[in-house]
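There are two complexes below, and they share chain A, which is joined by chain B in the first and by chain C in the second.
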Partner chain A sequence: MRVIVDDSDVDVQAGTTVLQAVRLSGGFVPTLCFDERQEPFGACRVCMVGVRGASGPLPACTTLCRDGMVIDTRDETARRIAAATVELVLSELPQPPGEGTELAAIARDLGVEGELRWPGAVHERREDLRHPYLALRQELCISCGRCVRACDEVQGAFALTAVGRGFDANIAAGMDQGFRDSTCVSCGACADTCPTDAITEISLLAMIER
Partner chain B sequence: MDRDLTTTCGYCGVGCRLEAHASDGKVITIAPALDGPANKGHTCLKGRFAHQFSRHRERLDSPLIRDGDGELRRASWEEAIALIVSELTRIRDADGPDAIAGLASSRATNEDCYVMQRMMRAAIGTHNIDNCSRVCHSPTSWALRKSFGLSGATGSFDDIEAADAAILIGANPTEAHPVAGARIKQATLRGLKLVTIDPRRIELADYGVLHLSPRPGTNAAVMLGLAHVVARDGLVDQPFLAARTEGYDETRALLEDYTPADVQRISGVPAADLQRAAHIYAEAGEASVMWGLGVTEHRYGSEVVRLICNLALMCGKVGRRGSALLPLRGQNNVQGSSDMGALPDTFTGYQSVADESVARRFEERWGVSMKRERGLKIPEMFSAAVAGDLKAMYIFGEDVAQTDPDTTHVIAALESLELLVVQDIFENETTRYADVVLPASSFLEKGGTFTNAERRIQLVAPAIDPPGDARTDFDILTTISAALGHDMGFQTPADAMDEIAALTPDWAGVSHERIGRGGLQWPVAADGTDSPILYEDAFELPGGRALLAALPYKPPGSEVSDAFPVILVTGRRLEHYNAGTMTRRTHNLDLVGSEWLEIHPDDAERLWIEDGSLVSVRSAHGRIELHAHVTARIEPGHVFTAFHFPEVRTNLLIGPSADVNTSCPEYKVVAVDVRPVSEKPRRTPAIAAAG
Partner chain C sequence: MSRNLVEIIRRHHELGAPTALEVLKAAVADHGELTDEDRRDAAARSGLPEAAVHGVSTFYDDLLAPRGERHIRVCTGTACFAATADAHVDELRDALGCDLGERSADGSVSLAETVCLGYCHSAPAVREGEVVDAGPSVVERVLAGAIRPAREPPPRSALDGPALLAFGHDWAGLSRAIATLTPEELLDVVKRAEVRGRGGAGFPAGLKWEFARDADGERKFIVANGDEGDPGSYIDKLLMEERPELLLEGMALAGYAVGADHGFVLTRSEYPRSKPALEWAVAVARRAGLLGASVLGSDFAFDVTIVEGAGSYVVGEETALLACLQGLRGTVSARPPFPAQRGLHGLPTVVNNVETLCNIPLVAREGAERYGQLSPGPTSGTKLICFNERFERPGVYEVCFGTSTRELCEGLAGGLRDGQQIKALQIGGPLGGILPASLLDTPFDFDDLAAVGCMLGHGGIVAFDETTDMRALATHLLRFGATESCGKCFPCRIGLRRAHEMFVADEDVDRERLEALLETLELGSLCAHGSGMPAPIRSLLEHFPDELGIA
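Up next, the complex of A and B:
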């Protein structure tokens, strides 16, 4: 079947997601909770796109293509929702995300810069540096779930868990006893996928802007 | 100065593609390549984190020469090379070229191994060249060639996800091949019916549908029993057998003797489990078999691989996506070192040194004449050295004094040599006996190719330069060959690959340029077409037909007795890698800092051994001491340990027993005596601690 992404025709197989179609067309949609190694999750509401005839913007990662679908990656409402979401995410962090992180990159793409409109409570600094390679800095966690899914769906160690609710939502290694004493196998898939450096390599900490 | 590049991991045989970032001559970080065909954006703690060894203070950064007073002293390259050349020439003139032998390294690149074997054959004039696949998967290579024709996996790691069922025998991939292990685990979570066969209850057994625990050394009986059930219950693919195989009738007759009840008696595997396993495999639409050193490192390991091939042939499960035979190769390039002819009986691509037309092709290209008789295998080299017939060895990237069996004999051999050259990245147990030590390069410091367990040739690129005066292995070997009077004329590893392609029909279309990011799975046709799946239409044997082998079960070389009542099995752990030369010089040591012996709670109680207590393990060949870990993951009557630490010389325990066809040592079955080594004498049994 065929879909139209920003005026270009793309031929896709049944079962292709809108995000895949956009990427096939050479286009770009910012994503936050998406990692191509994992099943689409659809939680962050950052990959919003306009679809002709739909009542509102749709998440590209979990929406399947339909024949003749007309997709607009620059849809104003979609971009505004995504930008507001990212701004809310940033507002909980005690410091801006490091320049090299995915979160910083999509904030730049969506024009979320400078003073945030909604100052408020920020996460308290809480870091765990007991593992020889993996640093966990919980104040930078945005609960996107990518590390938990990497641990489950890519490695299969089941060492990470989503914990807490609302503002207190975060992740824990094992029963919150840290990587070393959990079922962690130190593969680093969590650090590889983390979009904020909440989980990162200890050896890189000195280089990451704090 | 920063360097960003894509390379291939130098740890296990999975062949993960990695993105490396280096700055100021140091590796800063490594991440998995999203498009890596084997790893698909994943890697393990070895590939990702264990790179600090590359700049460890103990790295060799200068040639060393042993002085009159027995100490190694720093020397210039000129002095070291002059000494090697004069000594090798003297020994060759006095005792002939066959008094010299070389070992190529399965951690080095294809191009390194190629120039190593060419140096031994053309510059020195002997076929005495071997590599460490001798002590791991040589039985697999031998058996796959006999049964199907080619020495490599019949499919790819992608078959794991395409299979409906799989048998995993004698391997513990979540520890030894972590990325393949993760792929298998994920496949089971998506419905793959996995049957695990191992004396230990490995982690993947918890994810499979069935686990069989045969006594060590009885794999043959289990495979014959599975084949018996397939034949008895009408699960044989008769059209496939008739059209594509030879030798079924004889095999069928032999199978009569291996009823599930017989196999239960021999192996301890319950008859009902055996029957269920046979049905799971045979009735699946597509099913694969994966195996590791638990199959090969036995007295009849090569025969067990042939029996695995029999089973696949009887069920018609070869040559299709999802129906593959996948040996899990141990080291990053253990497939490639053999492919490159670092073997005493074959040139590149397993072309026999005894084949007149093959030998002439190589003689013409290299401008030398060579013998038509094969050279010595590794164990034969050591025996020849002890006997005084072998005078010199050139050992490249292998710590034989730590990793080879019957360590006492190996050391006696090394001590008997008039010249021992060791080319390595660290001083190790073997360099203790070396006359000259050459500082070499790790996989992070050189270019070339590795071939992974699915026959995929992948590019290796240097993220950093070798430390100090260390050089790349390619540079060292071509320089020494030229100094010996045989200039190979290669400027770069890519030049060597062009010669390999010209001399090797199965590699005809291989070039560094073509390999690109995705790799090439040999055989590669001249037009560059590669082969993810072998034998789709025909086997690489006369008439295109595979050969079944009627081989009975025979007991292992080491059996329990009153003096040695427990069976020791050895293997690997996740955090470390073989002799530990690399991983022990990283923070992996913080994760796992010592060796331990796994022992079943029943045995521990009977032997008055507590968790964490020091025990003595004694075999007919040696004795070691280490701490015990009491765990139900191992069957009663068996104990397990790895061989990553020189403090625990596990291989002192291993005797000379070896595979009958390939001389691969029997690391997996050693009768031992285990007893506590109490610092203070204990008068009360272990019960006191339990209370």
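Up next, the complex of A and C:
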């Protein structure tokens, strides 16, 4: 079947997502909870696009293409919702995201800058730095679920889980005893996929410096 | 939902293993709070990884609040709010010396919040152990250690002859279907009857069934959604506890039409009587040959298992419900895949609301045409509705779709007690808009209510009298929304918290910032919780702007 992404025709197979079609067309849609090694999750709502005939913007990662679909990656409403959502995410962090993180890059792409419209409670600082290679900083977690899925779908170690509910949602290693005492196999897939600095690899260099 | 975890659960289920949630619930009931040993035990017995079990143990209300020798659960639902403006909560908190979610230092008593106990007809309600007491003096009785089970008003019908609520259950619909209809013909009858889902969304039940029937799967399941979480609603409670046979018959009919051999009912832990009532009805039906390996002597096999939840509003959403049923965290999953394609244990599953399924025996017995004529307007069948304690005659009523809301409130329920006037109604749960008294003549049907920013939802009607502080109502609703957000999608997880913070603060709410936040929730959220919570706030903005403290 054929879909139209921002004026260019793209031939896709049944079962293709809108996000895949956009990428096939050479286009770009910002994403936060998506990792192409994992099943789409649909949590961050940042990959919003306009679809002709739809009642509102749709998430590209979990929407399937239909023949003749007309997709607009620059749809104003979609971009406004995505930007507002990223603004909300920034408001839950006790500090701005590191310059080199995916989250910071997405915020720049969506033009989220300056004073936040909805300031409020932020995540409490809670760090676990006891593992030799992996550092966990829960206050920087945005609950995108990528680390949990990497541990489940890619590595099969099941050492990570989502915890809590609502605003207090976060992640934990094992039964919250940290990476070192969980079933973690130190593969680093979680740190590799994390879009913030919530899970980072402790590099050899940093260890020497420390 | 993780495919790997679902497969682990499916294999363990086939071996007769309990779910992690069942093991954790039993541990809390046994010794009042969870330990790491309990979590390890739940992991070993259910087959779930320890981390996943830990995640489950941090999600459900019932697993979080520590229990003392006396465990007091106070209802903070909307009907209780309408009755006391939450004074009953403060009184209990002060007198017991415990905050919500706390246990006294000596372990003698604990206080927890619960939403909602389904005693909206006699609010406020408080539960101790398995006993729910309700009414204006309930706090005094709790403090005196003298609680007693509250009485529940019998259901009434506004129809000439009750349809859904007819007494005497003869399983005639199932007998007729098995004797005279093929599964395809039954499906066709249900489709022609245009049975709309009663849970809130109004999706055609027949279409859902058809999707599941057409889906590939070695087995298929019927799931009854008994997670009637809407504060102010106690319709499914009545059906599950007083008419359980009706639900079982509806599920068997769904199984026959779809090609499913097993059904599950997810009941709420806030309704302690539902699971025992249904289990009793299942046992009786099995003995009578109405459920089991050969239903009514035919080659159709169908049986039903009852599972109780653990306290979470969003579990009423169908993908979250399936997660809960499998003992996982009750978070919402993006669709597709739809449950009809990949549901319970990864297999095609129909998820229908309890009242929807209770309509099916009537359809099978009377046929599509007679069912369609029960209501005069465009919607088929009848609707059960219920009223809160502010009304003169609260209770569950069977009514025709399309009746004017005024007639329901003033005629059927007798208007408000003590000469009070209706200031506004919330219809259909916390995601429904607020109907001001000036719009009481709106017909009670899906499209008419939607046209005025409200919804029929599940049919619970909560009246607020003239004394209600509308800013306090907005704050109450947003607190519920934020507390119950499952935490999966970003707009709802953070946005509802921010909306609540704006209203709970002792200052004016900035209209522009609020509107932008509501739009983000409406258009960005993954499920109806986040996208629906703005509806009552929008109505309050429209009809009571001067009472909200908006700048």
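Please note the rule applied: the second predicted complex is superposed on the first by the 203 of 210 C-alpha atoms of A that agree within 3 Å, B and C clash if a C-alpha of one lies under 4 Å from a C-alpha of the other, contacts with A are read in each partner's own complex, and residues count from 1 in each chain.
Everything below uses one rule, namely that a residue touches a chain if its C-beta (ideal position, glycine included) is under 8 Å from a C-beta of that chain, and two chains touch if they have at least 3 such contacts.
The shown structure was predicted, so the numbers you read here are calculated from the model rather than taken from an experiment.
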Touched partner set for A:E201, first chain B, second chain C, both or neither: first
First, second, both or neither for A:A169, with chain B first and chain C second: second
Touching partner for A:E124 - first (chain B), second (chain C), both, neither: neither
First (chain B), second (chain C), both or neither touched by A:D9: neither
Chain B versus chain C as contact partner of A:E115, first or second or both or neither: neither
First (chain B), second (chain C), both or neither touched by A:Y133: first
First (chain B), second (chain C), both or neither touched by A:G156: both
Greater residue coverage of chain A in the superposed arrangement, chain B or chain C: C
On chain A, positions contacted by chain B and by chain C: 153, 156
Complex contact set, residues of chain A against chain B: 36-37, 132-133, 153-156, 180, 185-189, 192, 201, 203-204, 207
Of all residues in chain B, those that touch chain A in their complex: 28-29, 31-32, 34, 40-45, 48-49, 174, 178, 182, 185-186, 189, 574-575, 587-588, 590-591
For the chain C and chain A complex, residues of the former touching the latter: 2-5, 36, 39-40, 49-55, 58-59, 312, 329, 331, 333-336, 482-491, 493-498, 501-502, 513, 516-517, 519-520, 522-526
Complex contacts: residues of chain A adjacent to chain C: 32, 39-46, 48, 56-57, 59, 61-62, 64, 77, 80-82, 84-85, 88-89, 91-92, 117-118, 120-121, 142-143, 145, 149, 152-153, 156, 158-169, 172-176, 182-183
